[in-house]
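Please read the structure below before turning to the comments.
Just so it is clear, A, B, C and D label the chains in written order, and each chain counts residues from 1 on its own.
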Amino acid sequence: MIKAAILGATGYAGAELVSILSGHPETELVYLASHSYAGKRFSDIYPGMRGVCDDILREDDIKKAAEEADVVFLSLPAGLASAMVTDELLSHAAVIDLGADFRLHDKDVYESWYKTEHHSPSLLQTAVYGLPEIHRNTIKGKRLVANPGCYTTCSIMTLYPLVKASLIETDGIIIDAKSGTSGAGRGEKLGSLFCEVNESIKAYGVTTHRHTPEIEQELSEAAGRSIVLQFTPHLVPMNRGILSVCYARLKAGVTEESIKEAYSIYKDEPFVRIIDTLPETRYVKGTNLVDISWRMDKRTGNIIAMGAIDNLVKGAAGQAVQNMNILFGLDEKTGLSRGAHSPL
Amino acid sequence: MIKAAILGATGYAGAELVSILSGHPETELVYLASHSYAGKRFSDIYPGMRGVCDDILREDDIKKAAEEADVVFLSLPAGLASAMVTDELLSHAAVIDLGADFRLHDKDVYESWYKTEHHSPSLLQTAVYGLPEIHRNTIKGKRLVANPGCYTTCSIMTLYPLVKASLIETDGIIIDAKSGTSGAGRGEKLGSLFCEVNESIKAYGVTTHRHTPEIEQELSEAAGRSIVLQFTPHLVPMNRGILSVCYARLKAGVTEESIKEAYSIYKDEPFVRIIDTLPETRYVKGTNLVDISWRMDKRTGNIIAMGAIDNLVKGAAGQAVQNMNILFGLDEKTGLSRGAHSPL
Amino acid sequence: MIKAAILGATGYAGAELVSILSGHPETELVYLASHSYAGKRFSDIYPGMRGVCDDILREDDIKKAAEEADVVFLSLPAGLASAMVTDELLSHAAVIDLGADFRLHDKDVYESWYKTEHHSPSLLQTAVYGLPEIHRNTIKGKRLVANPGCYTTCSIMTLYPLVKASLIETDGIIIDAKSGTSGAGRGEKLGSLFCEVNESIKAYGVTTHRHTPEIEQELSEAAGRSIVLQFTPHLVPMNRGILSVCYARLKAGVTEESIKEAYSIYKDEPFVRIIDTLPETRYVKGTNLVDISWRMDKRTGNIIAMGAIDNLVKGAAGQAVQNMNILFGLDEKTGLSRGAHSPL
Amino acid sequence: MIKAAILGATGYAGAELVSILSGHPETELVYLASHSYAGKRFSDIYPGMRGVCDDILREDDIKKAAEEADVVFLSLPAGLASAMVTDELLSHAAVIDLGADFRLHDKDVYESWYKTEHHSPSLLQTAVYGLPEIHRNTIKGKRLVANPGCYTTCSIMTLYPLVKASLIETDGIIIDAKSGTSGAGRGEKLGSLFCEVNESIKAYGVTTHRHTPEIEQELSEAAGRSIVLQFTPHLVPMNRGILSVCYARLKAGVTEESIKEAYSIYKDEPFVRIIDTLPETRYVKGTNLVDISWRMDKRTGNIIAMGAIDNLVKGAAGQAVQNMNILFGLDEKTGLSRGAHSPL
């Protein structure tokens, strides 16, 4: 049994992680921590989990966690993880960070988008960007995994085959993404109140959203050249789900067949479905799946590529468990086989 | 492996059954039928299930189903099941009917509430009312299980301990119940349109809802005397969930302790949680659980007992699988262990 | 022109009041105050009102407000109004309090339900309970109006004709009420977050909700005897609306005709609609209307009387304006004629 | 008083028109027709309007309507209006068509996008495209107004100033638009059911949506050259509202100042608000307003221009009334002054 610790267990992503790991056949939860709720039971905070996980929440003490556990999951505000993780600590436990601190290879890019100091730049080279469908082989054997962001997972996976196969112009890419409200977290903020979110849609973080450089980094790497793109997130009045609608100009001569061929790199992926119909977030809700579809437009010369995920599963906790499975040599699907209900 | 057939597989309850049985380790789906969609793949109708269940849907032919399967689940409009099921058919396969045709012991009561003829009144004695927490021992070894309704499961389970232990007056009981919209089914009805349901709440079927006699039958049996009660359902703008809020006058001298004692009959039940806080439907969403709580009011002399379930799981497909597990001698929880996510 | 002031203008009820008064042909807003947002424009906080009300918000200074205005509306947390209002102040301006401080005639009842001291008990006799359909004649000429609560307006108006005409037993009354989430206010509370409210329903404040004594006071007065009743509120995942479903035992011999007759006391009321179909909150959304309907149940001997309002309009700001219109001798409908959209 | 007729009065747009015109001080509704509900009262279909509009619905007889009314509003499925309207009929009454039949100047473009024959191509020159902020002067004195579509109103108004002032490249424009569900109409379609829409987001009609040529026609006219653009609509789980997020490459040298200057063409428009913060559909809900904002992105060289409207008001019924006001020489705002509530 893998002994697992979670710091930040009562945020939405952390709680989803508790939920998934509670049903994972090869994992034992040994350390659940929550700065806000230390001393309470996890199921006091998430009563849906009564009888499933009634563990007492502890303080966010990463050293203790690393002593007791084989893997420590971090689900913390930006800047905390980079101050906590050290090489010494990684010698005790593997770390899978659901936050942003180790995702960007370049400290300066991190600091300019996150407006906060990075406390352990040397670890940026130690960390691997934990998108298994792209970096699976690099992830194996690592001690520090930077679990990708929700928008980024969805957007990168949708565009990656097109970039990798050089089917689209790499300038002028536009990603118009939409997210459910759990993506805003469980903080008591005015903008997250029911009556402020319900019955409305808005864009936010236009030109400034922090997931932008993460998408650019990964697609640039795939393209072999620097990509600058437009990323616009939206808040949708629903609990879960991300839809990334990506616009790019097709290179001359690209055919439906060549696009199909490009996406066939996912053909053996257990969590990717290339579909004919258009993705809807409800069809991946509660699962670790990515649904991807596309349309060529001969009138405009564009391709519109669309991907859908559950932001808390493939966009956070599910992907973290997928990474854990890789790190520990398990079948990647272990503990992630929950199918979709409908309507959920 | 138990071979299972489902007739009416593309309604919401039928589809939830497909979803649960697809993950059930001891069951194989051998016959999926849908009158409306015969010839199509199940996953064409429920794209969330692509890759999980891509079976071709067949016609609603119960004889073929019973030849190929060990158990046939029926999820059909009122009146169809009673015209299909025969003793001969039951010799080939067990039948678990998610509809109402075999729930009421008295043909006249059925016909007066359902305004339709009952086609096989003799089977009313063959059938067992499939509420495992109350009738577990009678269910074992039966061939025909009448799976309870959603409102009724929630309401009966909430009130049963109080009635059984004679703690409340049996006249004057009021059940004010609230349901998510999936309870109205997948039919293309004006009243089920998004814009007609969203941002509103209403009562419906006031004094006339068909689940009334079913609740009265079961509670009367528990009380040993005829109970007539008030049942009022409501439509809530959410996908899933039922909350039953039950009002009754406490008998003189009843204490908190005696109520606790009464509810302790559920103490070993795998799917019942007696909780201190008030039930919320989100905490049982996607699970086969019933959350129950109560409050005594010394000012009024009333008890307010509240129960919450997922109408498509414990209120339909999950309970049907629980019944199947009992019929076939499996652990009752098999295939039903999905924990709750939050928020879902 | 009536000069109006609002203290607490940025809560949901206060903002609805700004919205209504901005369109009121006989009113001028002269003083808008908000403790949290003093110094900002009202339309910075409610951008939907840009161009309609861009006034600068001021501090909650009731004296200044009363100097500048003819009427001061208070929309403040419990306990503040009773510390602010004095006879001296009432000599400068009429006060319409949307809070609870002056609704209960009995200081002890107030203090035992609200768990806070009442600072001006002598004013409890000065104040009038501002439910125009019942107390219109008493309201005229008063200087201090206690605007009723949202649940109470809906519940009292639904039950009042039955109690007044002695058609129901006054013991055993049960009110099961459901409210949209704006009723919880604009405070940054965990329980008001989108993901904590959406896709769920719950009861709350069972046996302890503060609107209980207010309903009892008014119905007792109508009955000429003390009424103790059961009131249970619920939180519904929608922005606005209250549905009160009221259960009572009919006295022997009561007929449909006598019930119709009882409700005919509302026949000239501009804001009451007695309807045949069942009320739905969406049909009164954005209006000052009350829709009321009922069903007799011969099986149980009960009447189920149902009422629906918009909690922010008839349940708060609209009724406050209705009271202002009465105080100042205007047609009661002035400024309140906004019809219903559908779907809204 | 202007005598008004509405054909198709019980669709969502038609009903909104009834609601607005019921409160319009210069209009009298003389003929309400509904193919599906002829013979019933309007308020039987829209109970929120009881007491406001209880007129009996008549058959869709445009000749009778034109005899009795000064203006006939058509809110009908595509293809019906073009078969109904004639020069003769226009001599009796002005016609404002909320449908698509007279919006496109080119019959072939209409037939290729709508896949249906156009029955009166000669009237395409008679009709005016009823977007007052752009074509106000042409609208005056016309007898046939083609009221713009909802997506198109929002998208054109957002982009028009940029195109008109030649600030953006006219190739490569992308419009990613999001709509509430009332835009799908009141038809009893599976895809409009609550449980199929709620808690999900999807794109639809990708590369094929019929509002595309309408947007292209108007922007091409403004640009003085043919524009081909990408338009992608989405379905959002909310009742009302459209958000158009428009991406374009800025021409070299364009500054914030020049953009501001371009949008200043709206500075005297009663229904346009150019705002600093980002638009949210809730802030225009229930109003005839358009909120517009933009962001320059120096990293990408793009401008992101965003507009929000209420699809049933400025996107349909409100704009139709605005057009009527122009036709009949009234103040454009007459009957359209309803301010925004919040939260609604």
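Throughout what follows, contacts are C-beta pairs under 8 Å (C-beta built on N, C-alpha and C of every residue); 3 or more make two chains touch, one makes a residue touch a chain.
All of these numbers come straight from a predicted model, not from anything done at the bench.
Student: Compared with chain B, which chain's mean CA position is the farthest off?
Tutor: D
Student: Tell me which of B-D and A-D has more C-beta pairs in contact.
Tutor: A-D
Student: Report, in whole Å, the distance between the mean C-alpha point of chain A and the mean C-alpha point of chain D.
Tutor: So the centre of chain A lies 39 Å away from the centre of chain D.
Student: For chain C and chain D, let me know how many angstrom lie between their CA-based centres, rounded off.
Tutor: Whole-Å distance between the two chain centres: 37.
Student: Rounded to a whole Å, what is the gap between the Cα centroids of chain B and chain D?
Tutor: 46
Student: On chain D, where are the residues touching two or more other chains?
Tutor: 12, 182, 195-196, 198-199, 237-240, 280, 282-283, 285, 343-344
Student: How about chain C: which of its residues touch chain D in the complex?
Tutor: Those residues of chain C that touch chain D are 12, 15-16, 19, 22-23, 46-52, 182, 199, 239-240, 273, 275, 277, 280, 282-287, 291, 312, 337-344.
Student: Using the touch definition from the top, list the residues of chain D that touch chain A in their complex.
Tutor: Listed in rising order, the residues of chain D that touch chain A are 172, 174, 176, 178, 180, 195-196, 198-204, 206-207, 228-230, 232, 234, 236-241, 243, 245, 247, 249, 278-283, 285, 295-297, 299-300, 302, 304, 306, 343-344.
Student: Mind listing the chain C positions that touch chain A in their complex?
Tutor: 12, 181-182, 186, 188-190, 192-199, 237-239
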